[in-house]
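Next come two complexes, and both contain subunit A; in the first it sits with subunit B, in the second with subunit C.
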Partner chain A sequence: MNTNLSQLDKLENQSIFIIREAYSQFRDVAMLWSIGKDSTTLLWLVRKAFFGKIPFPVLHIDTTYKFKEIYEFREKYAKEWNLNLLVAKNEEAIAKGMSHEKGAFQCCNELKTMALKKAIAKYGFKALYLGIRRDEHGIRAKERVFSPRDEDFEWDYKNQPPELWDQYKTKAAEEEHLRVHPLLGWREIDVWEYVKRENIPVTDLYFAKNGKRYRSIGCETCCSPIDSDADTIEKVVEELKTSKISERSGRAQDKEDDYMMQKLRSLGYM
Partner chain B sequence: MDVLSFVIVGHVDHGKSTLIGRLLYDTESLPPDKIEEIKKASSGQGRRTEFAYLLDHLEEERKQGITIDTTQVFFKTPKRRYVIIDAPGHVEFVKNMITGASQAEAAVLIIDVVEGVKEQTRRHSYMLSLLGLNQVVVVLNKMDSVDFSQERFEAVRKDADEWLKSINVEPMLYIPISAIEGDNVTESSANTSWYNGPNFLESLDTMQNKQPPENKPMLFPIQDVYKIDDKRINVGRVEAGVISEGDEIKILPTGESTKVSAVEKFLEKRTQAIASESVGMTTTDSVFLDRGNIVCVPGSEPVLTDTVNASMFWMTKRPFSSDMKLTIRCATQETSCRIERINKRINSSTLEVIAENSDVLENLEVAQVTIKTKKPVAIKDFNDVQELGRFVIVHDENICAGGIITHVG
Partner chain C sequence: MADHPKTVITGLDGVPFGMIKYFADSGVMPNTSELISKGIFKRMCSSIPEVSCVAWSSMITGQNPAAHGIFGFMDLLPKSYKMTFPNYSSLKSAPFWDEWAGESVIINVPGTYPVRQMNGVHIAGFVAIDFEKSIYPKPLAADLKQMGYRLDVDAHKAHSDMDSFLADVDKTLSARIEAYRYLWDAVNWQRFMLVFTCTDRLMHFLWDAYENANHQYHSFFCDHFRKIDAVIGEIAGRMGKDDLFVMHSDHGFERLDHEVHINYLLARDGFLQFKQDGEITLEKISPDTKAFALDPARIHLNLKGKYPCGSVEHSEAEGILSQLESLFASLEVDGRKVIRDIYRKEQIYSGPYLDDGPDMILVAAEGFDLKAKLKVHALTGKGPFTGKHTQDTAFLLVKGLADPAIVPDEPAVSDIKGIIEKGLISA
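On to the complex of A and B.
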């Protein structure tokens, strides 16, 4: 037997361990699925952790400004993987015409964070799985694997609970919910190599058409494609090995100002 | 490609962030937009661009110029990829430093050659030793400030060595560097012609990955039990050895014996799983396992006991008092417990014995303790199987202490 586990095997085993640790504490959990490559990878790992039968809902926060490919992908795989899919929208804000034109900060906060708050209140989730990674953004590099949010959804990043070895925090009474981050130690390239190895489906938006592709996807209104000829997974992996541009550089919410991401996150943003 | 994670620790202002920044810069690990972002952020708050700035991502960290929480950054050499865990140096944030260090496979201790060994130099290295991190490289920084004096280097090295010996840390190397100027960071420096050892980057490439204990008797702590179709799948991570179909196994604490019917992994056909793999397992008899059960090899069982003797570090502001309701967690085992005796209280930065036989324990103190657990726990010597030789103490759902078991039974 090959006793030398590859880096991808190590990451997979650790993520499955984390997913199971969280579920052993909380039965009323959900997984956030943005339909992007990271959360689809997380979904794949969650399917592995539970032998294909995910015992909790998969939650999509829908701003209604997503790419049409995202909606098609969501419907297709929700069915194929037999997911208990919940779609959450901040209907009120949408009805009032909230959009990125009112400012990216405002829009993200209303259509994502507020929509999530409402969903948590409605379904009573005690913990949420999220597919964030430390290498995405400096502020995310500070995250814990189990990260508490208080009743106002705030992330007290100055006073995070210790995590020792593989022992994580459990939920305290005054907390709203815990965020669980099984992919925290993965890097963008690990995700792609894993997608390739496991044949995980991802939307076509990630592959180049007419010299452009999306490296990170969110709302159509706030994402710009990068110049690229990578039209297959192999080429995407190659491109990442040589690229020096950071991943989220095409996303408006990171650019607007230095601390927008910190502010958004401390208010409960994903 | 292999990945090695190491933590950088040291007293505040001894140059951790500068060293990391320099390393990223010299290995061309910084994207151009990052450099831009940092330049913009530095000028926005009226500070000059410093390498140190790269790592401080919280508004407060940038304003105050101190690292509050650990950050992880990535870079690679032709040999492998690295995760650097930047741990805060300020005494206020030692719990964050411990969080960071507990995730690392190796450690770098940085000492300002002008200031020499300071309080956090001692405390951090003691914590490394308690956590069992035995691959340590010491860098003596700011050599530019002492004109690259060999004499000064040797003097600080001697001090550091004395301290490290007293806490059983044997460093692999002492390297004279200037993080700011780049001497001996990624290139060997002409300014230290008296030094013939490897530069910092070369020293990293000699560090070893932690090996999961594959050649030991199998240990499989149960995380959870899932009912999938008509099967009860016991899931967990193999913490030692190999688990195979057909293995005779014993279950602690019940003492029941049975056999492994199948090793399960979704979408794979398996007959075995090795240490560090997360898998499922079914048994031939319908024994009912639960979270916290330890599956092991008959004849090589861990010790089952309700008395745990350990070195423990208290890492929360609220001092320990005997009326606190505590829980111990060791691998997936969890039970309430009480600290029966605090045999010795130690100041973690001087090793001074504060008291023999005490009933309090303050933040950052280390103690030799005897813990009584409500239900028996299966434990191992930390040096044998780490996962069953270390534990945390939880109070009010927060981890408030960690401990290492170095003599069992």
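On to the complex of A and C.
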């Protein structure tokens, strides 16, 4: 029954090591908190790593299209955990009425990527903690724990430092910022088992109501719930053990489709 | 077939018969002119609809859309109004390189992304996205990257900065040429196919520069074709005397006078209706909808059983199609007929995927570009584009056929595969 506990302990230890290692290299860091289950788990680990007192800001990229439950959760725990919460928005794009109706690709780019770029420039962060996991999406399988981005945010996944035997390259070149992924080796089910073990709060959107629940949460406008009767953590864990459907299947438009649409639009189609 | 004659195919995306003839006659394309004098040069029909992915899929398989399964750049997922983008994995028939013996080099054929294992080298064309998924075999990707190979020009640039777009066109063409030269020698191929696609982009944005010798980009336009002609000459010089040379386009082009919005027309006349919550997308179609269009002018009846909000009974279909036919046949803008041909799917398609296709397909009259955009507020419009595709003015040039009668009097893009097969047998 408890065979996975040692696995969870290993994951936890490794993540805390990565979190502390990165902080010892960079003082100008922040953690991205999307308020979903993964980044909330990361936040939990960061609190553990620094004994409850996080020595850097927690950054929420707010597209303004998030679920109301997400905003409520943010306010509640920012206070309860005494976070130095920074909320970043691309105010300019929002004022111009940017929304998913202008194309999901463009909307994500303006309200997420551009908002983050502006925040990095404004606060001068050298490194960012993110709660991404390798099993989430095909492209993320190529990620590293310490992943450099250049000034254009480009990720040159073919020019990455190797990370053999857990020897991480934690230095970044001048113009780069480093992305730190302490949860990279976690699987979706590890996160849920850890949430259960540690009793980490997560938003109710993950639990089934009227036969539907969200498995992955982004903006309200571009997310759809999956069919599910899992209304407790136990049932979510049970469901994941049998599901063959990808975690992000409820997220709108695959990025390739989006890119394709952009290409076609540039030639007057659609 | 002791000496195994080779085949070279050069594609010029979108280039019309008249333009090739004009450039050949006026000295811009001297090598092409010489090939024309030694071979067979004909006007050719494209696929219906005349868009690149359908036309090239028809060319490489020798089939029509109901057999190869590609009806357009986008389609709907089964039993839904959700958009999907068919690609090479959706192609239901084998391309010639999977059928013919020997190695092939295939560069930049639209509609062939993502690549898969094949006998030879394959670099995917429009719409190719991920570099690694566009190149077979994989190790070649590093070499191509080093050459600065680009899958496609960034057409977004043409909307804001024409000079930077044209710089991109130049770089894309040069890298393509470098890749062809490298692979020509590196691979022991039986057939070599090289497609130039910047031609299509140039004509979309700068048809006016072609027509008007005083246009600031006229010389750029002509130079682009001059460069392609130099490659054609180089290739012709490197071929054996028994080898087969094919040069062709997938569709033609002409001046764009008006874009005409078919879904606007359908909505105006009550055939297309949306649910009352303000959003205009196909997914918000109301059950009162009788018909809707997908780009460029594929008319789908909202059939019961086929679509989630489908309401048209099969017994009503014919009646609605006749109403639509009169609507389209009588459509005029500026006193000119907008639609040249109206086809029922059975007239032009045959094959196992007929039911997936549109029920009616329109071909525009000269100067009109049919579009299926939804968020438009008028029947006609004019964007930044000055040129538009044509269905009946593509070209075909074949040199090296023992029997010229192998080329039909009125060839279509789906005939090319058969022409090459017959040509190689008779050689």
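In this text, the second predicted complex is superposed on the first by the 243 of 270 C-alpha atoms of A that agree within 3 Å, B and C clash if a C-alpha of one lies under 4 Å from a C-alpha of the other, contacts with A are read in each partner's own complex, and residues count from 1 in each chain.
As a convention for this text, contacts are C-beta pairs under 8 Å (C-beta built on N, C-alpha and C of every residue); 3 or more make two chains touch, one makes a residue touch a chain.
Remember, predicted model here, so these are calculated numbers, not experimental data.
Trainee: Contacts for A:101 in the overlay, against subunit B (first) and subunit C (second): which applies, first, second, both or neither?
Mentor: A:101: touches subunit C, not subunit B.
Trainee: Once chain A of both complexes is superposed, is A:20 in touch with subunit B (first), subunit C (second), both, or neither?
Mentor: So A:20 only meets subunit B here.
Trainee: Figure out whether A:7 sits in contact with subunit B (first) or subunit C (second), or with both, or with neither.
Mentor: First partner only.
Trainee: Specify the partner with more touching residues on subunit A, choosing between subunit B and subunit C.
Mentor: B
Trainee: Between subunit B (first) and subunit C (second), which, if any, makes contact with A:48: first, second, both or neither?
Mentor: Only subunit B; A:48 stays clear of subunit C.
Trainee: Which partner chains sit in contact with A:221 here, subunit B, subunit C, both or neither? Use first/second/both/neither.
Mentor: Neither partner.
Trainee: Under the contact definition given at the top, report the residues of subunit A touching subunit B in one complex and subunit C in the other.
Mentor: On subunit A, the overlap between the subunit B and subunit C contacts is residues 259, 262.
Trainee: Could you pull out which subunit B residues touch subunit A in their complex?
Mentor: Within the complex, subunit B touches subunit A at residues 1-3, 28, 30-34, 37, 40-41, 44, 55, 57-60, 68-74, 81, 83, 95-96, 98-99, 102-103, 214, 223-224, 226, 228, 233, 235-237, 242, 264-267, 272, 274, 276-278, 280, 291, 315, 329, 332, 386-387, 390, 392, 394, 396-399, 402.
Trainee: Could you pull out which subunit C residues touch subunit A in their complex?
Mentor: For subunit C paired with subunit A, touching residues are 73-74, 83-85, 126-127, 129-130, 152, 154-156, 158-159, 201, 204, 259, 279, 295-296, 369, 371, 373, 383, 385.
Trainee: So in the complex, which bits of subunit A are touching subunit C?
Mentor: Within the complex, subunit A touches subunit C at residues 101, 256-257, 259-264, 266-270.
Trainee: Touching residues of subunit A toward subunit B in the complex: what are they?
Mentor: The contact residues of subunit A facing subunit B are 1, 3, 5, 7, 9-10, 12-14, 16-17, 20-21, 23-24, 47-53, 55, 134-135, 138-139, 141-142, 144, 157-158, 160-167, 169-173, 185, 187, 244-246, 249, 258-259, 262.
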